[in-house]
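One chain, chain A, appears in both complexes that follow, with chain B as partner in the first and chain C in the second.
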Partner chain A sequence: MPDKHRYPIPTRKYPPRVEIPRQVARRDLRHNVGAMLSLAFLLTLILTAILAPLLATYDPRAVSPENRLQPPSQEHWAGTDLFGRDIFSRLLYGTRISLILGIVAVAISALPGTLLGLLAGYYGGWVDGLISRLMDVLLAFPGILLALSIVALLGTGLSNVTLAVGIAGIPSYTRLVRGSVLTTKRELYVRAARIIGCRDSRIMFRHILPNVLAPVIVLSTLNIAWAILNASALNFLGLGVELGTPEWGAMLNEGRGYLRDAPWASIAPGLMLTATVLAINLLGDGLRDALDPRLRA
Partner chain B sequence: MVQYIGKRLLAAIPVLWGVATLVFLAIRLVPGDPAEVILAQSGGSSASLAQLRTQLGLDGPLYVQYVRFLSDALRGDLGRSIFTNRPVIQTISEQLPHTVQLALAAMVIAIVLGGVLGSIAALKSGSWIDTLCMILAVIGVSTPVFWSALLLILLFTTTLHWLPATGQGDLRHLIMPALVLGLASSGTIARLVRSSLLEVLNQEYIVVARSKGLSESRVVLRHALRNALIPTVTVIGLQFGFLLGGAVVTETVFSRQGMGRLIVDAILWKDFPLIQGIVLLSAALYTLVNLVVDVSYAFLDPRIRHE
Partner chain C sequence: MQFKNTVVPMIAISVLLLSLTACPAQPAVIPTSTTPAAPTQGGKLIYGLTLVPSGIDPHVNASSELGIPLTSVYDTLVYQTTDGDFVPGLATEWEISDNGLVYTFHLRRDVTFHDGTPFNAEAVKFNLNRIADPETKSQKAVLMLGPYDHCDVVDEYTVKVFFREPYAPFLDSLSQVYLGMASPTAVQKWGADYQMHQVGTGPFMFKEYVPKDHLTLVRNPNYNWAPSIFTHQGPAYLDEIEFRFFADPATRALALESSEAHVIGEIPPQDAARLAKNPSFRIVPVPIPGQPLQAFLNTAKFPTDDLRVRQALLYATNRQAIVQTIFREYSPVAWGPLSAVTWGYDDSVVGMYDYDPDKARTLLDEAGWQDTNGDGIREKDGQPLAVMAYLMSWGYIPEVATMLQAQWREVGVDFRSEQVAYPAALEAARLGKHNLIMFNLAGSDPDLLRGFFRSDANFNWAKINDPQLDALLDEGARVRDSDKRQTIYADIQARIMDQALIIPIRDYVNLNGMSIAVQGLIYNPQGWFPWLYEVWLAGTGE
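Let's turn to the complex of A and B:
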C-alpha cells in the first residue's frame, strides 16, 4: 500500500499571490535604473521645451556681430555662434523642435502603420497580400533613402522632413502589428466575440487592438529616437529647416564651418542630440523588457 | 539549395518591379509638374518646357510613359542628368565604387568591434563588464553619424594633425569616414552577438564540450561563437542599408565622392532623372545584398532551407 505521506503536504496558509501583468511591468520598469534615469532626463527636457521662452537668456535668433564666436562664459553658457547668437538659448528652443518633430513623425508612422497591420493580419487573403507587398517595396529603400526620396518630391522644409521621416517609419508598424494580429485573432475571446455577432470593426478595435498595443508602444518609443536622428540628419544636410532655425542638426551644420575656431558650436548641439536619443533608447529598452520580453534583441 | 536560390530570386522580382512602379508614379502623381519646377529654378523659357518634358519622359499618355520607363530601365537606360546632360547610369557607375568601398570598410570595423564587444558582454553576462559593454553599444546606436564625424575631425585633424579631414585617395582618407560609420553600426551588432551567444552557451552541446574537458577558450571559439555568429549574418544585410544611408551624411561631412553626396546634390538641384536613377539602383542593390545574405544564411544554417 502506498505511503500516504510520501509527498509533503502543502502547508501554505494563503493562496499564492497572483500578480497582474501590468503590475509586473510597472515593477520591472521601476527597477530598471537606466530607464528611470532616462525618464527623469526626458521629463526635464519636456519641461525645458515648454518653458524655453522663460529659461532662455537671449532671443535665439537675435544676431549680435560684436559677440561672434565667444567661448562659453557667464554671459553665454554655451558660447555664441558665427552670428553672435547665444547657443544655450538656441539649444533650449531646439529641444522644442526635436521633441515635437519626433512625436509628430511617430504619430504619422504609427496610425496608418497600425491600421494597415490590423487590416492585413485580420482579413488575410488578398488584403494581406496587397499590404504586405507594398510594405516589401517600401522596405527595399535602404536607410534614410526613402525619407530622402520623399523630401526630393515634396521639397525641403521642416514639415516635409517630418512627413518624410513619418512615412518612412510606416512599414515597421505594419509588419509588427500584422504579426501580432495573426497570433491574437486565434485566441478564444476573439472567436467568442465573433460568435456573439460582433462586427469586424468592433473585433479589430475593441478586442484585438488593445492586446497588440504593448509592442506598438515599445516600437513608438524607440522610433521617436530614430525619427529625431533621421530628421536632424536631413536638417544637417540642409534639406530641412530654414537657415537660422534653432534646430540641433542645422546648428551642427552651421557649426562645422568654423569647427577649428569655435568647437563649442558643434559640440553642444551634438551632445544634446546624443543625450536625448540615448535617453529615449534606454527608456524604450526598459519598456520593451517590461512590456514585451519577446522583443528583446 | 538551387531551388531555394531560385525561389528567393523569384521573390525579389516583384519587389524590384514595385520599386520601379513607385518611383515612376511618385514623380508623376505629386502636385506640381517637375518640368515646371526645374524651369522655374533655372529661369528657362516656356518654349523649352515641351523639350524638358520629353527629356524627363513626361510626354504622352501615362501608360505609354510607364511602358517606356520600364523598358528603358531594363536596358539600363535611366535617362540623362538635367544639369550635366550626362547619362545617369554613367554618373552613378562612377560614384558607386566610392560608396561601396566606404560601406565595406565600415562593415569590417562594425563586425570586428561589434563581435568583440558582444562576445565579451555575453561571456561576462550579469557583471559590470557586461553592463559597460551594453552601455557602449547603446551610445554607439544613439550617436548621430554627423556628430561623431565632427568629433573625430576635431581630434585627429584639428588637434593631432594625424589624418586628413576631407577628400579621398589613399587609406588615410578612408580611416575616419569608415570608423564613423562602423562605430554607429557596431552597437547593433554587439547587442545581437551578445543575445545570440548567450542563447548558444545554454545549449546541450556546449555542456558536452565542457564535460569532455575542453578548455574554455576552445569551447567559446570553436563551439559557441561559430554558431552564435550565424544569426549575425542576417543583420549584415540590414546594416548594409544603414551604411548606404549613413554614407549620405558621411560623404557630405568628409567631402568624399559617392552615391550619398550625389543624391544630396541631385535633390538640391532638383535633378529628377538623377534622383530617380539613384533611388532605383540603391533599392536594387539593397534587395540584391539581402538576397545574397538570405542565401548565405541558408547555406550556413541548413535548417532554414529545409523549412
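Let's turn to the complex of A and C:
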C-alpha cells in the first residue's frame, strides 16, 4: 500500500509539450503591450505612407502666401507654415520619405556590415585584423559626425544623406556579427560541416548565417529609428532633401525661425519624429526580448 | 544600449523644442522716460553682431561685420553725410587735379592716435601703402583703393595721392573704415598680430577682442576732432561698448527681450513685427545701398542662355508676393541691379518685368517649350525646362527660392536646387555649373557693378560678355562729373535689365532692433555701420 505513493504522481496526463523557439518568441512579443501598440502605430504609418496622396487634404508643395502661418484649424489640421503650405499634408508625405529612407539606409548598413562581420569572424587572422581595424576607425567617430563627413565628401541630396547614414551604420553590424560568428563557428554542426568537406562559403551562408541572424534583425529594427533620426538631423542642417520637400527634419528647420509666432510649424514634425522613433525602439526592444534566449528566465 | 543611444538625442530634441516654444515672451522692462532728455555721460552699451568675421583688420579683411565696431575706432580722411556729400574728417580740405589723377589732402594738426603718436602726412602714406602692398593680402580695401599709384608727403600735414588713371569712387572709399587711418607705430609693433591690438584716432579705443565671443571698446578721453556730421565735440558719451555675437537669427529678438543686448542688427522680419508692437523696443529699418538681393541668370548655360527664357522667368516671378511673405512691410521690391537708395540708381527700371505669368507662358511657347507629356513641366527636344540653382543659406535665400520654385512651376519651369556653403557656391558659379545663383553686395558707389558685370569680373555670374557694357562700366569708374556719371549708370542698369541678366528680388534693409534706452544712434551712408560717437543710454546707472 505505501508503495503506491512512493513516487510523486505526475500532474499532467501527457508529457510536456516542447515549444519551438519561434513560437515562444511570437508569444512573448504578443504579450508585450508596448511593442504591440508600437507595431499598430507603425502599420498605420506604413499605410499612411502608401495612401498619402489619397489622405492629404492639400498639395504638400502648393504655396499660398495669403494663408501663411495659420494655427491649426478645421481647414488646416496642423496649421500652415511660412509659405501657407498645409502642414498636415506635408507630414503625411514626410512619412513616405522617412520610412523609405530608414529602410534603405538600414539595408545599406546591414548587408555589407553582416558580410564583413561574417568574413572577419570566420577567417580570423589578417582578414579579421584588417576589417576590425577599419571598423574601429569608423567607430571612432560619432555616427552623426561620420555621416556629416560623408555628406561633405559626396555632396548634399537625399540619396547621399541616405547613403551616408547607411555607411555610418555599418560598423555596428560588423561587430555584432563577428562576435556571434566567433562563438557559432565552434559549434559541433559547423565542425561537422567542415569534416564532410563543405566549402567555406557554404558553411558561412548555410550553417552560420541563419544562426546569427536574430540579433541582426533586432539591430536593424532599432537602426531604422537611428537612421530616421540622423537623416532628419542632416536635413535639419539643410544638407539633405531638395528645397520644398516635405521631410520632417527639414520642416523642423523651416519652422525654427518663427517658433514664437507659429510653434505648430515645428511641433508637428517634431512630434511625428518622436512618435515614430519611439515606436520603432519599443518594437525593437520587444523583438530583442522575444528573440534573445538569454533574456528568458 | 541601442535604445538609449537613439532615445536620448530624441528626447533632447523634443525637450529643446518644447522649452523653446513654451517660454513666454518676457519683455524687458527698461526704466526710461519716453521724451529724450539731454545726453548723459557714461554707461556701457551692448551691441549684438550677427556674424563672426574670420578676421577684423579693416585693411585686410572684407567682412561687413567688422565695420560695425571698428568704424568707432578709426577716423577717415573724409566723411560722407547721409545725403552723399563729403565733409572734412582727418583732412580739413582737399583738391583734385583737373585730370583726376592727383588728390591733395591738407590734414588736421591736432590729432593723435590712441597710442599717443601724432597723426600726420607720413601716417596717411603709411596706411595707403600698407593697403596697396601685396604682402598685406588685402581682400577689400585694395579694391576700394582702385588704380592707386603712390603717395607723396609734401610737408608734415599735406599729402598728395597719385592714381594711374582717374578713379571716381575714391572719396567714397576714403570715407569708409576699410581705408581708416591706423597708427603706423602700432602696425609695425604688432605685425601679423595687429588685428588684436588695433590703434586708430577714433572716439573709441580698441580694448579687447576674444574671437567668437566679444569685442570691447572704451572711450577715447582725448577725442576732440569730431567731423561736422556730429552735433557735439569732445569725448563720446558712452564709457564702454561691448560687441557680442548672435549668429543664429532666431536668438536675436530674444537677446533684446532678455536685455542681453541693447542693439542688434538683422532682426528676422517676423520678430521685428512683434518687437515693433512692444513699447520697450524700437525697430529701425536701414536701407542698404548697393545691390538688392538678386538672382543672377547664367547666359552661357542651357536653358537660360535663351533671352526669352530669362525674360519669362522674370515675368513669372511675383516679387510682391515674395517680399510680403518673407520680408513683410520692411523691404521694398527691387527692380534693377542697384537698390533704390544707391547713388546712381535710375528709376526707369521700376515696373520692368512686372509679374505677368501669361506673358511668361507666351515667351516660353515662342521659345519652343511645350508641356508635351502633361507633367506640368515644359519640354523641348526631349529635355525638360529645368533651371539649376545653387543656394547659400543666409539672407533668406532658401525661403526666396521656395517661393520661386512654386511660382515658376505655375508656368511650367522646374526649379532644381542644391544648398551649398559660400565657398562651394563661389566655385560652382565660377565654373558656370549654375543657371541661377542668388547674391547681394552692399556698397555706396555704383562702381561695385563692375565686379559683377564686366566680362572679366570675378563675380561675373551671368557669364555676360558684352563689350558695350564693359566700356560703360569702365567709363563709370573714370568720369567724375556726377551728371555724366548718372547717365552712364542709367544706361548700365537699363542694359542689364534689357538682357535679363538678373532677377532683382528685394532692396536690402537691415532691421535694427534696439531698446528705447538707446539714444542718438545713427547709421552711416553705407547703412551697415553705426556711428556710436553720440549714442547715450537713457536711464542708466543700473
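Just so we're on the same page, the second predicted complex is superposed on the first by the 278 of 297 C-alpha atoms of A that agree within 3 Å, B and C clash if a C-alpha of one lies under 4 Å from a C-alpha of the other, contacts with A are read in each partner's own complex, and residues count from 1 in each chain.
One rule holds in what follows: a residue touches a chain if its C-beta (ideal position, glycine included) is under 8 Å from a C-beta of that chain, and two chains touch if they have at least 3 such contacts.
Please read these numbers as outputs of a predicted model, since none were measured by experiment.
Enquirer: For A:Gly270, decide between first (touching chain B), second (touching chain C), both and neither.
Expert: Once the two structures are laid over each other on A, A:Gly270 reaches both partners.
Enquirer: Quick one: is A:Leu229 in contact with chain B, with chain C, with both, or with neither? Answer first, second, both or neither.
Expert: both
Enquirer: One more residue to check, A:Arg260. First (chain B), second (chain C), both or neither?
Expert: both
Enquirer: Tell me which partner A:Gly284 touches in the superposition: chain B (first), chain C (second), both or neither.
Expert: After superposition on chain A, A:Gly284 lies in contact with chain C alone.
Enquirer: Just checking: does A:Gly238 make contact with chain B only, chain C only, both, or neither of them? Give me first, second, both or neither.
Expert: both
Enquirer: Quick one: is A:Arg133 in contact with chain B, with chain C, with both, or with neither? Answer first, second, both or neither.
Expert: first
Enquirer: Contact-wise, after the overlay, does A:Arg68 reach chain B, chain C, both or neither (first, second, both, neither)?
Expert: In the superposed model, A:Arg68 contacts chain C only, not chain B.
Enquirer: Looking at A:Gly157 after the superposition, I want to know if it touches chain B, chain C, both of them or none. Which is it: first, second, both, neither?
Expert: A:Gly157 contacts chain C only, not chain B.
Enquirer: Under the stated touch criterion, which partner chain does A:Thr80 make contact with: chain B (first), chain C (second), both, or neither?
Expert: The answer is neither, since A:Thr80 touches no partner chain.
Enquirer: Touching chain B in one complex and chain C in the other: list those residues of chain A.
Expert: In chain A, positions 156, 225, 229, 238-239, 252, 256, 259-260, 263, 266-267, 270, 273-274, 277-278, 281, 285 sit in both the chain B and chain C interfaces.
Enquirer: Could you please specify the touching residues of chain A with respect to chain B in the complex?
Expert: Within the complex, chain A contacts chain B at residues 34, 133-134, 136-138, 140-145, 148-149, 151-154, 156, 225, 229, 232-233, 236-239, 249, 252-253, 255-256, 259-260, 263, 266-267, 270, 273-274, 277-278, 281-282, 285, 296-297.
Enquirer: Flag every residue of chain C that touches chain A in the complex, lowest number first.
Expert: Result: residues 2-3, 5-7, 9-10, 13-14, 17-18, 20-21, 25, 249-250, 253, 268, 270-271, 274, 321, 324-326, 391, 393, 398-399, 401-403, 405-407, 415-420 of chain C touch chain A.
Enquirer: Given the complex with chain A, which residues does chain B contribute to the contact?
Expert: Spelled out, the residues of chain B in touch with chain A are 14-16, 18-19, 22-23, 26-27, 30, 135, 138-139, 141-147, 150-151, 153-154, 158, 191-192, 195, 240-246, 248-249, 252-253, 263-264, 266-268, 270, 272, 275, 279, 282-283, 285-287.
Enquirer: Spell out the part of chain A that touches chain C in their complex, as residue ranges.
Expert: Listed in rising order, the residues of chain A that touch chain C are 61-63, 65, 68, 82-84, 155-157, 219, 222-223, 225-226, 229, 238-239, 242-244, 252, 256-261, 263, 266-267, 270-271, 273-274, 277-278, 281, 284-285.
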